[in-house]
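Next come the structures, one after another.
You will see subunit A twice below: alongside subunit B first, and alongside subunit C after that.
Our next item is the complex of A and B:
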């Protein structure tokens, strides 16, 4: 299987270079820090609610700890995902190995699929880290697992849009730093694009607010799967990968 | 095995190759000879399926390199000039990866990788990182990669550039061994290399094919016969007759020019004699107009001179390193 060969090589490269280790370490540290901070807050609130029973209404660990944690994880991903994807095409273009790959009997789409799946695999390993924090919380009290599962699915879909943007940017340049900066800039722009929605008003405003990649995460965060959000993420990812295909093909023409 | 017809490739407004046509038969080792920037790499890239041509067609093993790219790529091994490999991978792991991408069946993979490593004599560095290998070893890993799936056609772009004399000899020997059933095209700007390795030479200069022949014939053409091109305004039969009678002339060939209807005469002279004065004198004596007189084969000669002077031939392969 061609896709599998590309996938295996890419995953191996993540771990033979320091990238994966640096990424996972930083991600684990920040997630852990956020988790303890949020937990401490929850603890203080719990003490207060013990004296004021009205406050205790609707207080539970899922609502107060897991949701804010995962919301923050989404923000960290905005910063770290460009690093996951930056080398995928840029490095191979720089060293010339892409030229050789293009002369192997493999379709461009298989090459892209292998690289995308490898980046997705690394991303899923990253997502396992906040899950460890949550499992620690599970030892302390009951959690709403289905809602947490939905929130993780939302994070995965959000991450896939970052991967699609990142692959596209990596295919545009042979400089990894440029690829990372472009990815971050584009992802951030899509994150905040709904800020202009109120000013624009009307149909344009609706379109702009619909384009925001984080707004679609809200429902998942609440533990609800809304088909329009699911479809948005999948569309965004597929469209990004489609553009990547075009970008890869275009530098074949340029030589 | 390889059929190239009227291949043209533009980079923006400049043509890298123009109207290139040639054929290569099965089992031949063909040298693609030309100075740097002549269009060798562009032609090989098109044949390898990496670069689409602007116009013209190329077929490898009967398949169109553009329309049936995958079929061509399954039958072809290619090594680009700068030998792009993954420095962070070990030789064996890399070749395993290539074998898998190239679709070598799982049960055969190990055997093929071992065979290719033995063939290219890289089995002693099988577990080394590619990034730590010397240039000569990297080159051989590159060739191993190209022959892994037992392709019918092998394209090698400047396979001996940047190697030391001992390595050059080894690589040339390896290339000679690879032939047999396989068709090999190697590009080079080194004339002696072609003489040593190739059965046929395609000379390319400024994006155009200048000559296709065996190395021996080409050398003979250049060194032994001087050909002169004349354009004479006069009765064709008489002109020809008079030219043939000049001492030293071996043969006269008429060449009607399509554009202006005038006739040019290609005069083949005996080796190492410059008959231009004598030919001019004959024409003038008859009272005909002589509108052109110049040595033919200028292109070929120029290319050869450039190639020969760029490299010190034969004894000193050390001079072949790097760009001229």
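Our next item is the complex of A and C:
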């Protein structure tokens, strides 16, 4: 019940401030622009394939439009998710309401769950925007809905890892900008960490490659669920949330 | 001295970390890395000795106790998650929901990989992903990983030909995106391949073939039966492919694991031209070409193979019979 109360409070805060509206508007505009660009490329390729039957074999709206679109959405999330999470704990600390929350009969885990679910709800609303583009595309031709569903599930899992990183960074500081910068930096680092995998080689290279959060999205965007990718995202999220809980707890005993 | 002892933990930790990192990135510097770590550990020990009372006092504080508690719980959870990751990576399960399961290997490939007895290594020459690298490294990596997931005998390695031109030269690789497969087949103590015994009679070789070969993918041409060359030790088979895809990779695995050269039979006994005849009408020149061809060796067969199971596995040449010049039937 406490989780629900925190959840409602957080969602209300999102929508009573301009954050959610600005975020959703920017996200919708960028997604729409990307969708239009990718669709135009697909259209050109379709015309060319009309003259080249061999090329037509691989023409598929899901592969040519939806997959690149969702891959690009993942990149946009890297930039926008820090904005979703930056205020969750930093603002509470800045205004001193975190200490007030500690006096309520709410457990830390409930507080964390409420805030996480609220951020996840905003994120799911964001994800509905590219879905609108895809629904428009569905009016033009058949799409592989099971594969698209898997790709969206992958995006949701990827977003959850961003949320976990963001919540932890927000719990570390009382400055929202610092929290956002920390979140972006950490997420970007985990995004590109496999760049050094080749240079490192051996076991270290494999570990670095495995830690890359975008590499685990590859199978999802193809419409393939791999248990190791699913478990990686869940583990990453659990670890991030656990660190957040410990960081929040530390405010109690640090005084 | 005491003052230095109190801050010795800083260079101590730094040297310990430097030693560990040096060993991690340059295992060949193990001696120097060990020396650094040893000095670091010595400094830490000196710090602990000099400031023992102060350390005890800090450890007794409430914040330190909580801090250690938090660190310990984080490390425990991390260890648990690492364990889960290791298990999930080693026993990965896939569910392909794309249309026609286009990201799933064909049944034939799966069968070949499940029956793979020889160690096959794929060396993929790709540049690291970048806007300038046009080759699809991620796609190749995904494909090779799917193969490796199905057989512990299949391994792969990515080599950047720009950073390691020596290996590219050794494998005679001239373009990005090439994959070289190598397998040790035939004799040798480390050979795990179920390599066939050489058949002296051509028909016996043909009859033995189906048991030794695995079926090729549906899209590929029929697979030739393996025939092991006379070797005293293991034979290293290599096959290079470009524009990697499942069909090419599976065929290459079949080629490198079949353990010898394919036999090209020349039918004799019905007045056909002889492969030993170096005259104007003879087929000696063709025999020489076949001998020089990679993976082929010529042999003679008394009769043409009748159609049926196993036929078409080996290339077969039927030279036109010699009916003119009054030489009659000729058997070589």
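The rule is simple: the second predicted complex is superposed on the first by the 255 of 255 C-alpha atoms of A that agree within 3 Å, B and C clash if a C-alpha of one lies under 4 Å from a C-alpha of the other, contacts with A are read in each partner's own complex, and residues count from 1 in each chain.
The rule is simple: a contact is a pair of C-beta atoms (placed from the backbone, for glycine too) under 8 Å apart; a residue touches a chain by one contact, two chains touch by 3 or more.
Please read these numbers as outputs of a predicted model, since none were measured by experiment.
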Superposed partners subunit B and subunit C on subunit A - clash or fit: fit
Which superposed partner A:253 touches (first subunit B, second subunit C, both, neither): both
First (subunit B), second (subunit C), both or neither touched by A:79: neither
Partner chain in contact with A:228 - subunit B first, subunit C second, else both or neither: second
Partner chain(s) touched by A:6 [first = subunit B, second = subunit C, both, neither]: first
Partner chain in contact with A:105 - subunit B first, subunit C second, else both or neither: first
Angle at subunit A between subunit B and subunit C, C-alpha centres, nearest 10 degrees: 130
Minimum C-alpha separation between subunit B and subunit C after superposing on chain A, in Å: 6
Subunit B and subunit C contact sites that coincide on subunit A, given as residue numbers: 253-254
Residue numbers on subunit A that touch subunit B, as the complex places them: 1-2, 4-6, 8-9, 12-13, 16-17, 95-107, 252-255
Subunit B residues within the subunit A interface of the complex: 11, 42, 45, 48-52, 70, 73-74, 76, 78, 80, 82, 84-89, 93, 97-98, 100-103, 145
Subunit C residues within the subunit A interface of the complex: 24-25, 62-63, 66, 70, 73-74, 77-78, 81, 84-85, 88-89, 91-99, 103-104, 128, 138, 142, 158, 160
Contacting residues of subunit A [partner subunit C, same complex]: 60, 62, 144, 146-147, 149-150, 195, 198, 200, 204, 210, 218-219, 222-228, 231-232, 235, 238-239, 242-243, 246, 249-250, 253-254
